[in-house]
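Structure first, then comments.
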C-alpha cells in the first residue's frame, strides 16, 4: 500500500537533518502567521469577509471580467482572453515577437508555471530571466519550485554559493546569505536594465478600475516593469475582485497568512501603460470555468496562493514539495492537481492525515481537508483506489456488519500475538515499520459486559 | 435521561478499560447508562480511506441501535464526530433519516457541557501532557484551535482541573497532528511515523509522565512509537483519570 | 467564436449559485485603530526594517537627510520644497530630477531618492506612493529611499487607506513598506533584494 507521494516522502525523510530543518523553518513561518493574526482582533471577521467576497466574485466572473476589460481598455491597456495554457503561451509569444523581444524579464507567476511559459518561450528563442531570487536560483539550477511562496526552501545555501561562483563570479566558499543576495542584486540589475519586455502575474485584478495588483517583497515586479516600456500581465480569472474596497480586505490577509508579515514590501497597482509604453493584459481560463460547475470543489477558486496551508500542513513539512506530483504541493495542490487531471495526480490524495489545520489557516476559508476527503471517496470510481486499502475496507465492512463475526474476532484477538486477521490483513505490516503493534486485551469490553464485569 | 454508551471497535478490542472507566464515570455522575450489545464500528476507517459507501450499512445499524436513547456517548472524539458530521449524508443516500447525529457526544464534551459536575472524586498525582486530537479540536471544538484568533479554552483541561493532585500541561505546537489518521498511518507510514515521533518528543519535553487524550486512536499510535523506541512516557485516556478511585 | 466568447459562455454555463456581495461596513468599523498613530507608525516602520523620523517644527529637512545618508552623492528628487509645520523648506540636498534622464537604466547608481508619499498606514508601515514622475524606476532602483509624508495623512488600516488613494495621471501607485527584502536563501532575512536597501519616512 503506497503512492508516489508516500514513496517520495520516504526518500525525503531519509535526510533527517534536512527534514528537521524543513519542518522547523516552515513551522516558524506558521508561528509568525499566528502572531500576526493575533495582532488583529477582527481577524476571523476578515477571513469571513474575504471568503464571502471571493464567493461573490467567483459567482459573478462573467460580469466582473467584462467590467475589468472595459476599464482596462479605457486605461489604454490591451486585453486578451486565453482559453488554455497553449493560447496563453502563444499570446505572450506573439506580443514579444511583434516587438522583436529577445530579452525578457519575469517576476514570479504561478500561472506561468502552470502553463509552462518559460519552456515554451525558450524553445522559440526568447531568453527568459526569472527575477524573484528564489525563482532565479531554481532557474539556474534547472529545478522546479517546491513551495509556491518560498520556491527555493529546499535548497541549502552551500548549493547556492557554489552555483553563484559559476554564474555570478562570487568568491568560492562564501555562502553568507547577505553576500549571495547582494551578488544576485548586482547581477540581475543588468538583466532588468537590458530587458526589452517585463512580465508579471497578478495577485488581484480589480474590476472597477481595470488595474492589476502585484505583491512582492523584493521589488522585482516593479524593477522589471519600470525599465522596458513593454509590460505583460497575466492572471487566472479567479484573481478578479470587485473593487478597491475588497483590496482593503485581501491586502490585510495575504502577507500575514503567507509569510507572517503585516504586508508585503511592495503592493503595486498597475492601471495604465507607461508614457509611450504598452500594457498587455491576459485573462486566463485554463480549466477554471469548468471548476465553477463542481460544487464539491468550487471553493478552490477562492485561493490567494498565500502558501499558508503548506506551512501548517504536518505532512508537507515532513515530506517536502517534491514529494507531490503536481507543481503546487500541500493541501491546495492536492486539490488543484485533482481538478486538473485526477487520473494523473491522484497519488497526492494520500498526503493528508485529515487534521484540518489547513482549513483553519486559510485566509479565504477554502474547505481544503473536506475536499481531500471527498476526493478519496471518488478514487474508487476513477478506478485508482489503492487495492489493498479496498481489501481492508471491504474486510472490515464484512466483519463489522456481522456482530457475531466481530465478537468472534474480539474473543480470539488476544490469542494472536499481535493483530488479529482483520487488522493484519495485508499491507498493514507497514504499521510495523514505525510502531509496535497494539496489544489486544485478554477480554474485550463486550466480553466483560456480557460477563457482568462492568460495574 | 437515558444514555447509550458507544464503545468504538478498537477500544472494545484493545482498550476495554477505557470502556469500563467511561461506564463507571457516567454512573458516578448519576447518569442512567446502558450498553446496547452488538456494536461494532462506526465506519470512519473505511470512509477516511475513501470507501464511505462501505459505511452505509454500519451507519444504519448504528443508528437503529442507538435511536432509543436520549444521548449517545462515546469515549472517542474522532468516531463521535464522524457520526455527527457524516451520518446525516450517508443515511440520506439510503433514504433513512439519521436519529443519532444530533444526540451523540464525546464523553468529555458530554460531561463538560451537559452534566457539568463541579467536583469529581478523582485523584491522579502525576504530571500529564494533553493530546489535543485534531478531530477533537477542529471538528468537535473541545479546545480552541491554535490557528484561530479566538479566546483560549480547553474542555479537557477544565475536566482535569477537577482531579486532585494532577499537574496539567500542553506540549509546544499544542494541536499539531500526531500522524495517526487511520489508514494514513499505513499508507503514509514514513510521514506518519515521523509525525508520531515528533509528537511524543514534544510531550516528553514538557516533563510529563503521561500523554492524556480523548482519542484512543492517537494514543494507540503514539503508544506504538513509545514502545518501539522505548521512550520514558506513558499514554492514558482521559476517562481513566477522571474515573480514578471509582 | 472568439476565446473571449467561449470563456464567457463557459462561465455562464458553469456558474451554479450567484452569491450576494457581502457588506464590509461592520468589518471596517471594527477594524483596528491606534490611539497614537505617529507612535504606532514609527514602531511599525522599525519592524519592517525601515525607520520613521518625526520632523519637528524648526528641524532642517536637508540636514536630517544628510545626517541619515552622509555618503549619498547622487540624490534624485522631484520635490522643490518640503512643507514642515506649515513652513516651506526648500529641498537643497537633491542633485538631480529623476526625469532628467532619458532611459530609466541611467538611474542605476542613484544613491538616494527623495519623493512624496500620500498616505501612511499604521497597521503595517506602508506608504502609498502615487507615481508623479515619468521614471517611476526611481522608487525602486535607488539604493535608499526617503518618503516625505504629512503625518496628518496617517490612517489606521488598509480599509481607510483604500478610501484615500488614487493612481493619478500616470495610472500607477504602490504601497511601500520598508526596504526591499528577501528570505529566499534558507529563510534568512536580507535587506536589499532588488529595490531600496534602506527606507526612511520623514513624518512632517
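Quick notes on this structure:
Read from first to last, the chains carry the letters A, B and C; within each, the first residue is number 1.
As a convention for this text, a residue touches a chain if its C-beta (ideal position, glycine included) is under 8 Å from a C-beta of that chain, and two chains touch if they have at least 3 such contacts.
All values derive from a computational prediction rather than experimental measurement.
Common neighbours of chain A and chain C under the contact rule above are absent. Averaging Cα coordinates per chain and for the whole protein, the chain whose average falls nearest the overall one is A. When chain centres are defined as mean Cα coordinates, B lies farthest from chain C. For the pair chain A and chain C, the distance between C-alpha centroids works out to 29 Å. With centres defined as mean CA coordinates, chain B is found 32 Å away from chain A. If you average the CA atoms of chain B and of chain C, the two centres end up 52 Å from each other. Residue positions 40-41 of chain A are each in touch with at least two other chains. Counting partner chains per residue, chain C has no residue touching two or more of them. Chain B meets chain A in the complex at residues 7, 9-17, 19-20, 23-24, 35, 37-41, 43, 45-55, 57-58, 61, 134-135, 138-139, 145-150, 173, 175-177, 179-196, 198, 220-221, 223-225, 227-228. Those residues of chain A that touch chain C in the complex are listed here as 25, 28-29, 39-42, 45-46, 49, 52-53, 55-56, 59-62, 65-66, 75-76, 81-83, 87, 131-134, 137, 150-153, 155-157, 160, 177-178, 180-182, 184-185, 188-189, 192-194, 209, 211, 217-220, 222-223, 226-227, 237, 242, 244-249, 251-252, 259, 261-275, 283, 285, 289-293, 295, 298.
Against chain B, in their complex, chain A makes its touches with residues 1-3, 5-6, 9-10, 13, 19, 23, 27, 34, 37-38, 40-41, 43-44, 312, 314-315, 318-319, 349-357, 359-361, 373, 376-380, 385-386, 389-390, 392-394, 396-397, 399-401, 403, 406-407, 409-410, 413, 420, 427-428, 430-431, 433-441, 443-450, 453-455.
Those residues of chain C that touch chain A in the shared complex are 2-4, 6-8, 10-22, 24, 26-28, 30-32, 44, 47-48, 104-105, 108, 121, 123-126, 134-137, 139-141, 157-159, 161-163, 165, 167, 170-188, 190, 192-196.
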